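Same chain, two partners: chain A is paired with chain B first, then with chain C.
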Partner chain A sequence: MDKKYQNRRDFIKHLAMTGSAVALAASPWLGAFGSSAQSVRGANDMVRMAIIGTGSRGCELLRHLLTFSVAQNIRIVALCDNYNPHLLDAVKLCKEKELNPQSYADYRVMIEKEQLDAVIIATPLYCHAQITVDCLQTGLHVFCEKSMARTLEQTKWMYDTHIATNKILQIGHQRLFNPVYLEGMQRIHDGKLGTIGQIRAYWHRNNNWRRSLPNNDLSYERQINWRLYKEYSAGLLTELMSHQIQVANWALQKTPVSVMGTGSIRYWNDGREVNDNIALIYSYDDGTQFVYDSMTSNKKYGLEEQILGSTGTIEFEVNKQYLETPAAAPGIQQLINDVEHGIFDKLPIGGASWVPETAVNYKGENIVDSTNYMDTSLQLEAFTQFVRKGSAPEKILKEGYNASIWTMLGEIAIEKGEKLSMPKEFII
Partner chain B sequence: MQLIRNINLYHHSIVAMNSQLDMVFWGDNQLVYNRVYNYALETLQKYELLMSRYNKESELYHLNKNGYVSTVFPGEIVYNTLEMGIEYHRLTQGYFDVTLGNVYQANKNGQPNRVNVDRDLTKRIEIDTMNRSVRFLQKNVSIDLGGIGKGIALNEIGKMIDELSLKNCFLSFGGSSVLTRGRHPHGDFWPFGLSGILDSAYLWELQNHSLSVSSSKSSDKKIAHIVNPHTYHPIQIDKSAVVQCNNAIDAEVLSTTLIASPAHLHADILQNFNIEKYLVI
Partner chain C sequence: MKPIIITSKSIKKEFYIWLVLFVCATLLNVYSIVKYHTNWSELYSQLGYVLAISIVFYVVIGVVRVLMQSVKLFKK
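Up next, the complex of A and B:
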C-alpha cells in the first residue's frame, strides 16, 4: 500500500471512525493532545528546530518534518553534521522546499548561536548521550533516535538529565504512535487475547550493513560503518531489537526480570565486531517469555512481533489479529443473540450450498482498517505538540529508557554467557 | 468459546475441511461440551487429512494419483467412504457421483465437458470388495468426497453427543449441513429458516434431526457448481433444495441430488431413503 502522510487530525478522525476512540482515550500520550492543560506556548506558535546528524536516518526524519512543517508552523533553523556529504544532503532537501537553514559541523557551536526550541538527534548511537545531555542542559527539548544510548550508564545519565532540567526527552520508538499498535495494545490490555504466555519477535534481513567508503578511503571506515563496531553500536540489538523489546514491554505493561542470549558472526565475517546472528530470551515476573532472534543472512521471514495469548494472537507488523476460536457464523451469532434476549425465532442458516472451491480459510482480522499512515511522521508531530506544551507524558520516555536498558543487558548477557537481571541503580 | 451465563449457552467454532463448524449447546455440562468440542476437532482434522483432494499427504490424494497406474489399497475410512459413495450412486440413479472429481474441477473453469471420461460408472472404476482395493479404469477418474465428507463428520460427532447423553445442541457445518438434538432454550424445537425466505411456510422444526441445504449457484450467483453426472452439464437454473432426515450423510447427498436430477425422478429416488421432509424451490 502506498503510504501517505496522514496528520494527527486525520489520524484521530480515522480512529474515531473505526471505533477506536477507546484506544485514543486510553493512550496517555495521545490523550495529552486533547488535554486542557495549559501550554507554555500558543497552539500555533512557531517551533524552532534543528537536526543534529543528517545521515540516512536524519535525512529521513527531515523529509517527514518537511511534509508538515508549514501546516504545523515548524521552522528548521539549523542542520548539523560533522560529515560534510551528509550535511549537504540535508541542505539539498531543504533547498527543494526553498528553505535555507544554517549549517554546522559542531553541535555545540550551533546550540550556542541559534535560538532553538528543540533538536532532533539522529547521530550514531555512541554520540546520543553526550549531545542529548548538552542540549537538555542548554534548555532545549530533545527528540533522540532510538536506541537511547550505547551503555547502561549513558542511558541513565540521559534520563537523569531530563529529570534535572525538566526538558522533554523523547526517544524515537515510532510504534508508540502507530494506530495499529495503539489499537492492538488496547485489545491486549483489555484482555482480548486472554493470558499472554509468549511474545515472539524477529527481524531478519539479508544484506550487508557495510557501506562503501568515499574514494575507498579507509580513514572513514569507523565513521561510516560505525554500526559494525562495538565501540559505537551493539549492532542488531540496538539497531533493530530495541524497537521490538519496547513493543514487548508495552504489551505486557512491565519490564523483564532477566535475559539470556547468544550471538555469533555467522555469515558477514569481514572484520566487523558486532554479531550478525543473535537469539535472546527475556523473562517477566509473571512467567511470560519474550523470545527474540535476528540475523542478516536470510530475509524470508522479515520482521514481526507476535503476541501469543490464550484466546488470540496479534501480529502487529501485518496488522492482524487471530482468535483461537473463530467468531460464530452470522446465523449462529443471531441464534446466540436471540437466546440471550429470550427470543425464539427462525435461524437464517443455509441458502448456500457447500462449494468446495470457496474454501473457508481463517485468515484472521485486520486490527485497523487502514494502515495508510507514517508512524514516524506521527511521532514527530506529537513531539512538536509536546514542545508547545512544554512537557510530554513520562511514559513515552520510560518506554525508550527501559527498551535501551534491556537492550544493553541483552548485549552483556550474550557477551558473558550469563542470565542477567537489572542492576538496582538503573531502575526508575 | 462463548459462554452466556444466564442460560448456560455454549458456543465453539472449528475451521476445518474448507468450512466452519459452529457448535451450540445449552445446559449445565460445560466440561462435557468441551469434550465434544475436542472430539469434533480431532474428527475434522482426521477427515481433512484423509479426504482432501489437494493435500499431498492425504490418502485420497495418493489414491487419485496412483489409482490408474496401479491397484490401490486405501485405509479403512477412505475405502468405506468410497464404497458408500458408490452405493449412493446406485440409490440416486447416478445423480450423486463421487468419481467425477476431474469433471467437477473442470466445471470451475467452465469446461466440464472437456474431461474425457466414460458416462458409465462401471467403466470408470473397479472396486474389489474381497481385497478392499480400488483401481481406476480410465485415466481421468478422480475421487471427490467433498459432497459427503461433512455429513460423515456430523454423523460421527452426533454419535458422540448421543453417547454422552447430551440433550440439546445445534451444529451447523458451513451453514449448509445441520445436526440438531433436543430443542432451542426458548421453544420446543430448533427453528430453521432458509436464508432470504421469510415465509413461515418454510419453517423447519428440527429436534433430533439432520438437515442439508444445497443451491445450484454459489452464493454470489456466478458459479453453477453442481453438475449433472449423466450429462456433465452444470445446473444453470436457480434451484435450492432442503432435506430433513435423521442421517446427515443422506441429507447431504440428497440435497445435492435433488438439484442435479430432474424433478420427475425425485419421488423415485427419495423412496430409497427414510426422509422426513424435503423442499425444492
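Up next, the complex of A and C:
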C-alpha cells in the first residue's frame, strides 16, 4: 500500500477529465459505482461490516478499508478467525486506528450475535462456499475473495443462494476496478486492437509458497499451508490463474467452449499435492485461444496478460498498448536515421534469405497516465456503495462465477488429460 | 598575453553565419517532410531538432574555418 491513495471520487473525476467517461458509462458496474442514486439506504448511512479470515489477505483488505472507513462511514464491527495469532494481527491494526471491534473464532456465532450489513470473507478457498451461503442466508451482503469456490458444485451453490436470497455476492477480482484494465477493455471492445486472435497470460514466480509453521509444529501444516493441498486449493489455478482467465473472458466478452491442459510437480518435490507448473489452452467459439502457463521455479517473465489483436497489443500489467504499425517518426528523425545507417551499416553482399523474427523492439504507449489507483480499495469502496444501494450489477458476479467454473474445469482437464467443455448444469 | 577582443561586428557576423545554417536546417526539415510524407506540423514540432542540427552545422563549419585560418597563417 505504498501508492498515494486516490479514491472513488478522484477516479471518477479523472475519468471525466480524460474523456474516459465513456468507459464509465459502458461499464455497468462502474456506472452504478459512480452514482449513489436510488439507494435503499441513505448515501451516507453507516455500513456495518465484519471480516471473516484475517490472515494475510484479510489483513490487507482491512488495511484498505481503514484508509477510507471514516470518510465512507463504514464501521468494522467484528473480526473473525479460527487461528488466534491472525485474529490478533487484525485486532492490532484496528487498535492503531483506535477502533475496537469484537473478536470471534466462529463466524456462525458472530453473524448471529452482531448486527451486520455485510461481511468480507478471506478464508482459504475450500470454506468460501459454506461461509458465503451461511452469511447470505442470514441476510448479509457478501464480499468473498477469489477464487469463488473449490468445486464446480460449490460455485453454483453460492450463485444459486445469491439469487434465492437477493443479497449481494461480489467476488474479489480487483482488476475489474482497475483504471488500466477499464480503459484497455474499452479500447478492445471498441475494436481498436482489431481482431483478437489470441490472449496469452502467465504468472511466473520463483518461490516456495510454503509458509513456516509456528514452532515448527506440524499439526498446523494443513491450516497454514492449505494452498499446497488439493483438499483446500487447486494451487496455481485458483490462486493465480483465476485472475487471468477472468481478464481473458472480460476482454473477449464471452466464456470459453473448451479447455485442455497439463501440469506437474517438477521442482518443489516436498510433499505438496498441487502442481508447481501448469500449462492450459482455452478455446472460444470464434476460434480465439487463451494460452496460459504458470510456474514457481523461474521469475524472469513475472506476470502478464497479453491481448494480441490484428492491429495492436495490450499488456495490462505494465499499462502498455502497442500498435502493429506504430506512427512513423518525424521526417527529420527518419532522415538522420537513414543517413546514420548509410554511413555505419555494412552492405550485405547478397540479400538475407532469412531474417530472425525476434520480438518487435518498440516501447509502446501507456494506456492511462496515472496508475496511482489501488484497485483493491476501489473494489471495496464499490462494494460499500452497492451495500448502501442494496444491489450490485450482476455482471460482476458473473465474471467471478465464470472465472471460477473455468478454473475448476481447467483443473479437471489437467487431471483427466482430456479436453473438456462446460457441463450444461453450470451455465448461468 | 595579447587580449582577445570580440567586437560587436564579429558577433553579428557569427550570428548571420548561424542564421544561414538554421535556414539550411529548416530546408532540410522541409525536404524530409516531403520525402517521408510526414505532417507539415513538424515544421514547428521539430524545431528543437532543427536548432540542434543548425548548431552541429555551425560547429562543423567552425572547425573548417579554423583550419582554413591556420593554413592562411602558416602560408604567411
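In this section, the second predicted complex is superposed on the first by the 387 of 428 C-alpha atoms of A that agree within 3 Å, B and C clash if a C-alpha of one lies under 4 Å from a C-alpha of the other, contacts with A are read in each partner's own complex, and residues count from 1 in each chain.
As a working rule, contacts are C-beta pairs under 8 Å (C-beta built on N, C-alpha and C of every residue); 3 or more make two chains touch, one makes a residue touch a chain.
No experiment lies behind these values; they were computed from the predicted model shown.
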Inset, instruction - Return first, second, both or neither, reflecting whether A:P326 touches chain B, chain C, both chains, or no partner chain. - result: first
Inset, instruction - State whether A:L218 touches chain B only (first), chain C only (second), both chains, or neither. - result: neither
Inset, instruction - Could you look at A:F344 and tell me whether it touches chain B, chain C, both or neither (first, second, both, neither)? - result: first
Inset, instruction - For A:L335, select first, second, both or neither according to whether it touches chain B, chain C, the two together, or no partner. - result: both
Inset, instruction - Check the contacts made with chain A and report whether chain B or chain C touches more of its residues. - result: B
Inset, instruction - Kindly list the residues of chain A that each of chain B and chain C touches, one partner per complex. - result: 328, 331-332, 335
Inset, instruction - Going by the contact rule at the top, pick out the chain A residues touching chain B in the complex. - result: 325-329, 331-332, 335-336, 338-340, 342-362
Inset, instruction - Can you check the complex and tell me which residues of chain A touch chain C? - result: 328, 330-335
Legend entry - Touch list for chain B against partner chain A, complex: 1-2, 4, 6-7, 9, 11-15, 18-20, 22, 24, 26, 104, 108, 144, 146-147, 150, 170, 172, 174-178, 184-187, 190-196, 203, 211, 213-216, 218-219, 223, 225-226, 240, 242, 252, 255-256, 259
Inset, instruction - Show which residues of chain C lie in contact with chain A when the two form their complex. - result: 28-29, 31-36, 38, 42, 45-46, 49-50, 53
